[in-house]
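Below: the structure, in structure tokens.
Read from first to last, the chains carry the letters A, B and C; within each, the first residue is number 1.
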Amino acid sequence: MSEIVLAVENVRAGYGTIEVLHDVSVALERGTLCAIVGANGAGKTTLLLAISAIVKKRGGTVRLNGEDVSALPAHQLVRRGLLHVPEGRRMLAQMSVEENLLVAAAVRGAAGFAAIDGLFDRFPILRTRRNVPAGALSGGEAQMLAIARALAGGPKVLLLDEPSMGLAPKLVDEIFDIVASERAAGTSMLLVEQNARRALQIADRAYVMERGRITLSGSGAELLANDAVTSAYLGA
Amino acid sequence: MASELRLVGVGVRYGGVQALDDVSLAVAPGRVLGLIGPNGAGKTTLINATTGFATLAAGSIVLGERRIDGLPPHRIARAGIARTYQNIRLFGALDVRTNLAAGAYAQAGRLSDDDARALLARAGVPDVPLAATAAALPYGDQRRLEIARALAARPTIVMLDEPAAGMNPAETARLVTTIRAIAGEGIGVLLIEHDMALVRAACDDVVVLNFGAVLARGTPAEIARNPAVIDAYLGTSGEATA
Amino acid sequence: MNLGTFYAQHSRLIDQIGINALLALSLSVSLQAGQLALAQAAFAGIAAYVSAIAAMQFGFPLAAAIAVAIAAAALAAAALAYPVRKLRGIFLAIATIGFGEIVRVVANNVDITGGAEGLSGIPNDVTTPIIYGALLLVALALVALARTKFALAVKLTREDENAARGVGVDVGMVRFASLVIGGAIAGLAGALYAHAFYFLTPTDFGFARMEQILVWCVIGGVTSPAGAVVGAVLLSILPEVIRPLADYRELTSGLILLGVILFVPNGLSMLWAKRGV
């Protein structure tokens, strides 16, 4: 068993009077991809937001490489290599594609800036749009930029929230290719996806969330073969 | 036809870019037309042009006998065209009841609670409380509330802009039923979507846009086999054609 | 002390409160439509001068002078509506404040308005019952308006203009109507002011006054007309109540304002508002 790079234990979180996460525990092994699937409103996005400290945790702990980071603010987590690509493709809309990448790479300093050219190689469509204001990008291009920005920060652990949402099938293929190649390169990833089938196909491990709790866990293959999962989430 | 929506040779320019180029299509009452294509192909621009939020550089848009291009958006809405938005635009701070009354603004602006519940039922969410604040509803319910708001206008044509974004396959399957039921009432539906399973199950015909122009037309099955469409949009993974 | 003596000692304040309440309502109409249109003081100033001049120079009886004044204010609002039709938010605020400055400068430099010295000896025939009668009428009219489809259109325009257009709301018409209605109410307030206090200068309805009106609405609740009135009443009384504090008046005033903003940031109307709409 390889080491646990991200350990989420008994986390609770919510908004105002509404409790969204009730005692959620997730373990991510180094160099693997872990998928989280479930219906809308199950709390998947809230879980990622709680891990990356954008939403305040009301209980539980988060350990990154063994260190307890539960109380750290979001930017400290970024400096420790925990990067979050939120759903909805938000970015610095007035700044160009290249500027967005520079901002993200700044956390790594000179090494980060040097790596930007490599990112343009991996995402050629961004190179053709490098001076376009990010707000003017189409949905697929914006999603590419969101992922490229996270990669520019040199993540050791990457949290991806619905990267394929609202994308053309062909682009969905490209996104999942990128995710797979990142995994092959050794980045540990936590992937939240509505496209449960694709996510489970590439996941090493997976969790099913329902109403703020983990209800099932297993390898990607196990969950794909599980009847309860297929009928509830894969519509089959 | 009495209440058919027809776009004829429609062209739209944004800055220096031809966002729509000689696009013609028709949405007939009781039928569902799918509009698919890569991001940036012009799908939302087409809805914006039809609803009066973008000016035509060429062509015309006709509803029934009446030319509607050039009319201000509120007139087009009153003429019987209702829509939902890619990034949900409910009146978030207002309650469900008021959002539905808003939908009915062009008709009567007032909606009985019974009528409101009937609309929610037609949109597939009969149990959403009328007093709930719209922005506080779960994501899937918000999408359906937007559909209910569109239905409140008693529209001739409904345009749905990626209504299934963020929904898992089980939820999407329920959406198919809702869409077919809307068409069954005699309303013409234009559906923009990336979820090919939804398009296949819900649409009678499909138009594929690429770079602002029509790339292909046909039934969902024909489109799925079209090599140009596969190349530009669908990709070759089993998922899109399964 | 009996009621009569109380009234005699405070009649000016009581009249001022009624007029301030009208001014607050006039701004509230625009704010409810989501428009930061800050020209109400200017509309009131225009009406005050028109009513005074109509009475003094042209011998108009009170009712006619006030009617003409309201019409003048409404017309000014209608005329202003066109050049600002594409402006929103802070830009609309600046443009309308600019209009207010133009009005003040014109009043300051034109003979018929008495220039910087203003007008005095305006026929003093507006009494407290007239002011509060007018306030009641306007309040009832607004309550009736709140039941109409127009009120829904206003709410939707405030929330999201494009989504409102998408359901058939003529947003341009809503903005125009709210500006003109607000202008008319401000005009009524200005005309009553002229004949209640019989002395008028250009600074009476300048930027300082506009700022006051805005503070009343913010304290009371930006989208609540009842809140606007409460804000106007409380803040009009406040200086009198804390007068005994002499040198500590401004400090106390500031602390009270700060307290409201910190603890009830959406305005006092939140204290009695229903949840939701």
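Here, contacts are C-beta pairs under 8 Å (C-beta built on N, C-alpha and C of every residue); 3 or more make two chains touch, one makes a residue touch a chain.
On a predicted model such as this, the values are computed, not experimentally measured, just so you know.
Novice: If each chain is a dot and touching chains are joined, what shape do you get: line, ring, star, complete or other?
Specialist: line
Novice: Looking only at C-beta pairs in contact, point me to the busier pair out of B-C and A-B.
Specialist: Between the chain pairs B-C and A-B, A-B carries more contacts.
Novice: Using mean CA coordinates as chain centres, what's the chain A-chain C distance in Å?
Specialist: From the centre of chain A to the centre of chain C is 52 Å.
Novice: Centroid of chain B to centroid of chain C, CA atoms only: how many Å?
Specialist: Result: the chain centres lie 44 Å from each other.
Novice: Would you kindly tell me how far, in whole Å, the mean C-alpha position of chain B lies from that of chain A?
Specialist: 30
Novice: Looking at the complex, which residues from chain A come into contact with chain B?
Specialist: Residue list for chain A touching chain B: 37-41, 87, 138-141, 162, 165-174, 194-198, 231-236.
Novice: Quick one: in the complex, what on chain B touches chain C?
Specialist: 51-53, 72-74, 77-78, 82-83, 85, 89-95, 98, 101-103, 105-106, 108-110, 131, 133, 149, 153
Novice: Along chain B, where are the residues that touch chain A in the complex?
Specialist: 36-40, 86, 138-140, 162, 165-173, 194, 196-197, 232-237, 239-240
Novice: Residue numbers of chain C touching chain B in their complex, please.
Specialist: Touching chain B from chain C are residues 149, 152-153, 155-156, 159-160, 162-172, 275-277.
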